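Structure in structure tokens, see below.
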Amino acid sequence: MSEVMTTPLPPHRRDSGRPLLDVRDLRVFYGKHGLQAVHDVSFRLETGRRYGMVGETGCGKSTVLKAVLGLVRAPHRVQADTMELTGAGDLLHLRPRALRALRGAEIGYVAQNPFGALHPVLTVGEQFHRFLAAHGATRSRKDSRERAVPMLDRLGVPDAARVHDGHAGALSGGMAQRVVIAFASILEPRLVIADEPTTALDVTVQRQVLDLMATPDPRRTLLMTTHDLSVVAQYCDEVFVMYAGRVVESGPVDSVFVDPQHPYTAALLGSVPRPGQPLASLPGSPPSLGEHTTGCDFAPRCRFRTDVCAQQPPLEHVGGVADHAVACHHPLGGAA
Amino acid sequence: MTALLQIGNLRKTFMRDGRTTAAVAGVDLSVAPGETVGLIGESGSGKSTLGRLALMLLTPDSGLVEFEGEDLTRLRPRDLRSRRARMQIVFQEPGEALDPQLTIGQSVAEPLDVQRPRIPAAEKAARVAEALERVRLDPGMTTRYPSQLSGGQQQRVGIARAIITRPSLIVLDEPTSSLDLSVRAGIISLLQQLQSELGVAYLFISHDLTTVEYLAERLVVLYRGRIVEAGPTAELVAAPRHPYTQALVAARLDVDPRIAPLPLAAPAASSAATAVGCPYQSRCPNVQDDCRVGEIPLRPDDGAAGARELACLHPVPPATRPPLDLVAPQAGPGGSS
Amino acid sequence: MTVSTAPVSTSVAAAAPVAARRRTVTAGTVGLVAGLLIIVTLLAAAWLYPLPYDPDATSGDFNQAPSSAHWFGTDAVGGDLFSRTIRAARTDLPLALAGTALALVLGVVGGLLASGHGPWGERFMRVLDSFQSLPLLIITIALVAMSGNRLYMVAVAIALISGPFFVRLVRSQALSLRESRFVEASVAAGASPVRVMARHLLPNMRSLVLSQTALTAANALLVVAALSFIGVGVQVPTPSWGSMVQTGGKLLTTGQWWLTVFPAGAIFLCVLAFNLIADGLRDRSAGRRERS
């Protein structure tokens, strides 16, 4: 492999034994009528790797994250054969109290809108203290401060002590997101889940935040959604492409983004503007909730549609690359 | 070549929390007929304010807004309204840009209703149908309501409304930012096609260099209400001279995982606004003492090829710029694609 | 591999918003219809249908409990309480509605004007604040009494009390709508301020303003009743629910409950009806916002 990697991969690339998180056949149903938003999504996250989840609005990527975090509430329902976090058990069957203890300590969460996660009137430091105290991880305000300020400093917050003692409402978007990332990192959770973490940020700030959040760390696993394919291309090791609540393609970024097998993945990649190259637009829009057919959901928009597509294609391995899987009756082939 | 739009030393301040802040602090800008000028800047840079000032949707504190050879700041309200047939705007949030109480047909027809109150009904219907066809929408859509359309369709309706009076200038205020990737590509292609069909000029406002780079022949970089660099897109991206432009270029991420991003040398912004000197001084890696005194004017850039302008005392020397293997040889995709 | 040549279904693009278009009959709609039915029935009964007795006539059958001859009983001078309760709707409802209409017109005009650019809107609102801090009910009682109990002054009184609420509602709505992209688009198209108001501002606040109108009507009816209860405005012997409750109240202790209960019930029913209408209208406007 002679690819130019932006960042070195962690030494234990794969086959490192048990996965950190093993999700099998996750299904999420919305509302009283039980419209299915997520269909049989399965994935295994291995320690130290970074995973990206991409797809158009409404493809179910945020819903998958919410389900893993245990944030899907009635009347919506979550089912799964298993949602096992190594060392903690099946997340689906944990008691709310145990799940709350897990969030923050074992699973860090970074939301799209940092201001939604921060209290506008309390000081940043007070929120750090309460967060640490809730997890029984601090002895005093002084103790909390001594841990929070260096953390903010490491995340590139200028004048960290002043930010720590000030109010969250006075921060800029980039600073607020750094504070949220500090929350999501201070207890050194094994898994960090980020839902569109940089969408609300300016481009230069986005780069800086990604450099902080998505640098490879052998002890930390990152699962991130984004609609920005280039973020996944540069900051993730593996990618899941979702369409209409299903994973339609998955595998190493180097393989999926270089040799896309699903026509949908190829269309998404082709719709990124690059100077001097024609733009490929994808007509139509994804099916709405509850509009699923028995066949491939992408078929109505697909150029390669045939009669077989009336049947749901299974997610199968393709080509020569290990772990590159696609759910398509007519994969694009190519160099893989 | 005379400019279609000529903005001179434009200033606008807003009152916020009892303090006046300059959203636009002395900007010169011109747009030639039929060209696309990309206006790029981060949030709070004043780019949307500048777009609205260019259309006199906001009244500038001082300065000149000359459109088709006429100073708009001196017109009476009634005369200004009649000029609006020639200049239009498309907004970022396609859903909010359409009145939920009006049908698609009524929304698209509004500029015609306003500009030509006595237009015959048959002609109006024909013009509405033509505008919808131009944006690749079904003309049978006129009786539907905005809530029944997808985001991409709503944005196409917004564009149809903008072109129905055949303007010579359209300000595009982040028209693709809130759209999904696949929809975005369709809108970008549509805008290109409309430009080649109608010869309309665009002032394309965006925070996203990738999109602007694709569409615009010329680029104007705005930072905290001031233009820090301007010039032909390809040259500016290939050899940025202002450290902020350099940071913008470096911040781009390629969708091909084999192409590594450039190193980004820009420290985090401190929130403290700097009143004197270069607006970028608090983040600039090249900052020196003379950057902190006096205003730094936008001047023709002698250090670079082409018609470029720069407001920087210590620009990036052309030799040390990092190699860029991605830049297309031609300047923008032109009109014939 | 055989590639299908069937055209791509265009329904894919159109399908997404189908669910949003589906309209359901909500509790709000039921209430709206019920409320309108009550008011219309009452008005129809007061005007269109002959009453069993002349409401202004007296007879020897005074202070009778409700019976098959007199459904609501009779009062102290032998008047038929049913006929008088229905006939009172001829005075009370139009007065309340006229006052509401006056408040609506003043409020919409004032609110729209106060939403314009410049410092005058803010100044006007400060004046309105001071005005509303006055004891308005007492001032209007004095006004009506000084005018010699002219009925139109009752409507003016209602407008003085309720108008400011309309001003506030219309101004806040207009201010937020003026910030909306579609109003900006209209201005960018060259629309005049008047056109923006008529075409965009008013239609988009219609539901909320109508809902406020219904609430005001309920309140106005209470004002009419309160005024006639203390003998201001509608004068005896013209039947009015407020004055009927007042007269009947004195006899409540002697067991003649019907004199109070029926006119009070009429007030209650009308206020309830107006509130149902208001809730129904508010639901509709909320629903529209959700769909868009």
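Think of it as A, B and C in the order they're written, each chain with its own count starting at 1.
We adopt the following convention: a contact is a pair of C-beta atoms (placed from the backbone, for glycine too) under 8 Å apart; a residue touches a chain by one contact, two chains touch by 3 or more.
Since we're looking at a predicted model, the values are computed, not measured.
**Q** Which chain has its C-alpha centroid farthest away from the centroid of subunit C?
**A** It is A.
**Q** State the pair of chains with the top count of C-beta pairs in contact.
**A** A-B
**Q** So the centre of each chain is just the mean of its C-alpha atoms; given that, what is the distance between subunit A and subunit B in Å?
**A** Between these chains, centre-to-centre, one finds 32 Å.
**Q** Report the inter-chain centroid distance for subunit A and subunit C in whole angstrom, where each centroid is the mean of the CA atoms.
**A** Centre-to-centre distance between subunit A and subunit C: 52 Å.
**Q** Any idea how many Å lie between the Cα centroids of subunit B and subunit C?
**A** Here the centre of subunit C sits 49 Å away from the centre of subunit B.
**Q** Would you mind listing the residues of subunit C that make contact with two or more other chains?
**A** Subunit C, residues with two or more chain partners: 13, 16-17.
**Q** Identify all positions of subunit A at which a residue touches two or more other chains, and write them in rising order.
**A** If we look for residues of subunit A contacting two or more partner chains, we find 283, 285.
**Q** So which stretches of subunit B touch two or more other chains?
**A** 150
**Q** Note which residues of subunit B are touching subunit A in the complex, please.
**A** Its residues touching subunit A are 42-43, 150, 152, 180-186, 188-189, 207-211, 213-215, 234, 237, 247-248, 250-261, 264, 266-271, 326-330, 332-333, 337.
**Q** Touching residues of subunit A toward subunit B in the complex: what are they?
**A** That would be residues 3-6, 56-57, 156-159, 170-175, 202-208, 211, 227-231, 233-235, 253-254, 257-258, 267-283, 285 of subunit A.
**Q** Can you check the complex and tell me which residues of subunit B touch subunit C?
**A** 55, 57, 81-85, 87-89, 91, 93, 95-102, 107, 110-111, 114-115, 145-150, 153, 158, 161, 165
**Q** Please give the residue numbers of subunit C that touch subunit B in the complex, ascending.
**A** Residues 13, 16-17, 20-21, 180-182, 184-192, 195, 199-200, 203-204, 288-289, 291-292 of subunit C touch subunit B in their complex.
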